[in-house]
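Structures are listed in the sections that come next.
Below are two complexes that have subunit A in common, paired first with subunit B and then with subunit C.
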Partner chain A sequence: MRVSRLERKYALAGYAMLAPALLVIALVTIFPIGYSVWMSLNNISSTYSGFQFSFAGLSNYITVFHAPIFWQSLLFTVMYAAVTVVVEMVLGLLVALALNQPIRGRGVAIAVMLVPWTLITVISAQMWGYIYNGIYGVLNAVLMSLHIINTQVLWLGAPTSATISIMIADIWKTTPFVTMILLAGLQLIPSDLYESAKIDGATGWRSFWNVTFPLLRPSLGLAALFRILQAFGLFDLPFVLTNGGPGTSTEPIAMLAYKAIFNDGNFGTGTAVAVSTVGIVILLALLSLKALRTQVGEID
Partner chain B sequence: MKKSIKAGFAVLTASALSLSGMAVQSSFAAVKHAAAPVTIVWYAGTISGNGLRADVVSHFEKLYPNIKVKVVAEPTNTDTTRAQLIAQISGGATQPDVYLGDVIWPGQFGSMHLALPLNKYLPKSFFNQFAPGLVAGASYKGNVYGSPWFQDSGFLYYRKDLLAKYHLPVPKTWEKLQQEARFLLNKKAVKYGFVWQGSSYEGLTCDWMEYLTDAGGQVFNAKGQPVMDSPAALHALNFMRGLITSGVSPKAVTTFTEPNTMNLFNAGQAAFLRNWDYAYTNSQTKGQSSVIGKVGVAPLPTFAGHGTAGYATIGGWDNYINPHTKHLAQDLLFVKYLASVPGETILATKASEIPTNNAVQHNPAVRRLNPVLSIVAEQHLIARPSQSPSYAKVSQAIYTNINAALSGQTSTANALKQANSQLASAQSSSSL
Partner chain C sequence: MSKYSQRLRKSIGYVVLVAMLLIIIAPFFWMVDTSFKTNLDIGNFPPSFLPHPFTFSHYTRAFSKYGFGVYFRNSVVVSIVATFIVLVIASLASYAIARLPIRGKAPLMVFLLAISTFPEVAVISPLFLIMQRIGWLNSYQSLIVPYVAFNLPFAIWVMRTYFAGIPKELDEAARVDGAGIMTTVFRVILPVATPGLFTGGVFTFVACWTEFLFALVFNSSQQFRTIPVGIALFSGQFTIPYGTIFAGSTVAVLPIVILVLIFQKWVVAGLTAGAVKG
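Right, the complex of A and B next:
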């Protein structure tokens, strides 16, 4: 297809008008990312006159990929993302289905449900810290008064219980977010579809699998994409609750990068961890988007 | 930035030429009377109350009317503070001009050029005013990066009423302490014999350094090689583990941080406590202690045959200067003031912290306020191996393995072997 001169002129004018915005995007996103990639390819020492770069090729990446702690943190993050996203999707769907019914006090219920999501994570994490505290924590007090346990448990003191404790705090906070996306998706489904399903003799269960679920898939995909991306950036909950401990058993990948850069001053290795994570996350995002797009196509 | 450092150099070279402390004073006096008022930023934590920082600043501003000091609060978590300073100063920030930093930072901050080498700007006489051991703790590779401001160290707190009742002397050796604690437990005088900080964190590194040094061991030798798998270290660790297996210290001691030990001692449940200087005042505060008037304080014990008093790990905070500061001359005046007799007297009387200035430390009027101060002179101090730029990783290699041995997850010999190999890799600067 030939592009006419007029069209080309319009296109040029369009690009010219977009240029300032593109420049801003370049400055605030592409430059920092590019700079991080450049940092990760160098050995960086901090001197009195600023950073000193010496090109190191891929040696920082080799260090990272040979460090057991990187794989341990990655595994923790992946496992954490998998468990929390699945649980949040299921719980979020159940709550969204309930809230989609024309029940009384629905507005109030939605407002109350949103409270955990609106709280700042470091603050709600601090509150969970008081709940889990091994000496004066309310969880121990409740469980002991119910005779479920008979000695105080250090919930954040052992790897498995600390991981589960952090997951619970995350699920408590983020389920409302999933619920909101799914509730919006549910309200887009035309009610006449349910009516015709009913006429065809479909039970509630049947109409959920044949009407609700397929039409909700784009929303489910979107919620999952958001949640996976957020889960990979996990930092604040373990930072407040365990600082990655005991040992390094609850140290997510973002905290590993943070510690390498800001505790140890290893700018090169730290940015290599960060860039590797970005790579993995972009890959996951592309896969999710692709899945999402085919779904949208099918519906059309 | 460079210009101001050069200007500072000029001031100092001029004063160094006349080779006397008085000359330094007079050249600084020139700064004092300079026309334009200058504001410097001091990044400092709340210490033991909000009033202290304001008090020293207002006194300083009275002495130097042309300098204003703006206090910016540091986070209460030392690691968060460190992360912020690393981000800001390595990025070239000119503020804060002066910051209060942990005594364990000089290695990392010196190697990363995040603090000015003060010995290049201040005369020897400045460093001679501090209590012995403190300047070495603030040094890295021959340069002094911190000006010690307040000192902290480990002490032995004991129930003097119980020792008197059973005619027991204050223990001078660890073996004697264990024996007396056992005796008091058998008499059912207390629930726990001896409580200390055994959780897997920085505090355990502090406690460990004391036993290790008492036994004659080291973390690194003079060449900087890790030597923590020595027979002396094994003796120290076996003794610590023995405290737990013999029941003198509760099993839960491996999860104890300072507040846990303090609470047990204040509740009258423990006969002996290892803690920092604040513990005395804490145990004598109405409403939070049931042992008011029953507490004695002494230098920590040592192992039998290893001298008269044990080693106490150095804690505390130093003042550092941002190398990118635009007001070096004013910063130096402020740092000098904070370490001086007036500055340190305010600190010692207002905050009841241990002053680092030798003269203030030995002032009888100041000593009367806090019995802990009269012990300080008898102590042997030991610095943690923070000369290593990667001290954070070094400490982690120590406390995770010592904690594993104390809680019985691994043998004492194995824990030390493991710690030693992790210490070796912790020293590599680029390791994760």
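Right, the complex of A and C next:
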């Protein structure tokens, strides 16, 4: 009797201690997401006395799905996510494998790899904007001195080169972080597994495919998932580098929503774009739930 | 592995290491380098390798003319307060999940993980309307509260792992001594869980320091801009004042680099704990 009363007391204390965290999360994420859905079903006009809602059903979504710019932004975002995540994972894995051995200067390397992660994306965007600059950018100077190009190129002035330029800036900033995650994963692999693989005659590539890769797959999968979801929120880099241009060729879906809401005052349609993005993100997350499950399996 | 292939592997390791360091450092070098060049020098093509002549004027101008000091102060206040609140709330929640007999722990952890992946743009318009109504636009709390909410899930994940690794005997000894739960958490557990606090704290601080979208939308007035917003909107009317931008950027980069290098060990620990939030 006394034990169970104590149990109950501790359980109550537990819920009370969880309450502040759940309350803040509910107020700032859960409730607004619900409110977002409601907003996307309304026509919202700004008046002197505040915002006026009038229920409009799915009309905002119909507008959004009929707008070519939505599909163009979605395609850009998907392509951007696919390319940057694949390149970052492959490069990150190669660098992590090269560094996963007792070589001098590794501590320094790890310290330096942390720096781009701490860098404000806006600063990195200004930095790359100056490097790419078509008139006095150092990239043109280097490429011209190597005779790869003859005249200065406006890298951010054409859709394809602007897209690639944004991707490179992202890959530069994020690959070191992915490398750190994979290096941490590599170091968790017990070295006697390699020893026994060696006794079985497996070296080099064979030991990579048979030992390293299968054991690293959970961290690879989880890192890829988080990076993809993050790429869907892409906003800062193109905001500074191209502002979505030239035209709207580098406008990710988050920027489309932002511009619709805060530049054009279309709260209804802009929010419909945002909600659609979340729908896609949830779909992606559900598809990868298996990866999450294996990670969570150890609790309880 | 033969001695030859071992040596080859090591050489490749060194080549990769040097190449990576150069690629990471080069743009930083160019940024700091440019911040000491005169405007005339900055507009030259091909650009000069080192500042000629050397000037410190962009640094003074960033603070005196462009109000960089205000942005810096705003970023420091918002990031420190948000990190502190996150650590307090996350300590309570993580202890409850790690130690107390509450139900639904596994679904709760999955829920937290799912929440931490939501893009900010999903909540930007309702939060804007709410903040406008309660008069929070252009204030510190308009950023602190969302930053706390968005960083709690990850902090709870990391700290729960640390709490779970602390011997239960510590709690029991405290209980025998008549300590309540709060005393146990803050006097007994937290002092031995400082690595968890460091990891959660550094990740939260970096996330707050670099956040852009909320800061841009909620705090657009000159007086409440944080560093990212200030630097994004630095652009002049016709030309981009790169010298000033890079002077401000260099000042913004320094403190956080020093902070992360001091706490390097715990950042790496956070990555090992399965933390993959960029």
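In this text, the second predicted complex is superposed on the first by the 269 of 300 C-alpha atoms of A that agree within 3 Å, B and C clash if a C-alpha of one lies under 4 Å from a C-alpha of the other, contacts with A are read in each partner's own complex, and residues count from 1 in each chain.
Here, contacts are C-beta pairs under 8 Å (C-beta built on N, C-alpha and C of every residue); 3 or more make two chains touch, one makes a residue touch a chain.
Because the structure is predicted, anything quoted here is derived from the model rather than measured.
> Per the contact definition in the header, classify A:157: touching subunit B only (first), subunit C only (second), both, or neither.
So A:157 only meets subunit B here.
> Which partner does A:141 contact after superposing on A: first (subunit B), second (subunit C), both, neither?
In the superposition, A:141 contacts subunit C only.
> For A:63 in the superposed arrangement: first (subunit B), second (subunit C), both or neither?
first
> Can you tell me whether subunit B or subunit C touches more residues on subunit A?
C
> For A:262 in the superposed arrangement: first (subunit B), second (subunit C), both or neither?
both
> Go through the superposed model and pick first if A:94 touches only subunit B, second if only subunit C, both, or neither.
second
> Please work out whether A:283 is in contact with subunit B alone, subunit C alone, both, or neither, and reply first, second, both or neither.
neither
> Of the two partner chains, subunit B (first) and subunit C (second), which one does A:47 touch, if any: first, second, both, or neither?
In the superposition, A:47 contacts subunit B only.
> Taking the superposition on A as described, I'd like to know which of subunit B and subunit C A:79 touches: first, second, both or neither.
Once the two structures are laid over each other on A, A:79 reaches no partner at all.
> Across the two complexes, find the residues of subunit A that touch subunit B and also touch subunit C.
After superposing on chain A, subunit A residues 50-51, 135, 258, 261-262, 267 contact both subunit B and subunit C.
> What does subunit C use to touch subunit A in their complex?
So the residues of subunit C in touch with subunit A come to 1, 5, 9-10, 12-14, 16-17, 20-21, 23-25, 27-28, 30-31, 34, 42-47, 89-90, 92-93, 95-97, 100-103, 105-106, 108-110, 112-115, 117-130, 133, 145-146, 148-150, 152-153, 156, 181, 185, 206, 209-210, 212-213, 217, 227-229, 231-232, 234, 240, 242, 245-246, 249, 252-253, 256-257, 259-261, 264, 267-268, 271-272, 274-278.
> Over in the complex, which subunit B residues touch subunit A? Could you list them?
For subunit B paired with subunit A, touching residues are 2, 79, 82-83, 86-87, 90, 92, 108, 112-114, 200, 255, 260, 323-324, 389-390, 392-393, 400, 429-432.
> Per the contact definition, I'd like the list of subunit A residues that touch subunit B in the complex.
43, 45-51, 60, 63-64, 67, 69-70, 134-135, 154, 157, 243, 245-247, 256, 258, 260-269, 273
> Can you list the subunit A residues touching subunit C in their complex?
Result: residues 7, 10-11, 13-15, 17-18, 20-22, 24-25, 27-33, 35-36, 39, 50-51, 94-95, 98-99, 101, 103, 105-106, 108-131, 135-136, 138, 140-141, 144-145, 152, 172, 174, 176-177, 180-181, 184, 187-188, 198, 203-204, 219, 222-223, 226-227, 229-230, 232-233, 235-236, 239-240, 253-254, 257-258, 261-262, 267, 270-271, 274-275, 277-278, 281, 285, 292, 295-296, 299-300 of subunit A touch subunit C.
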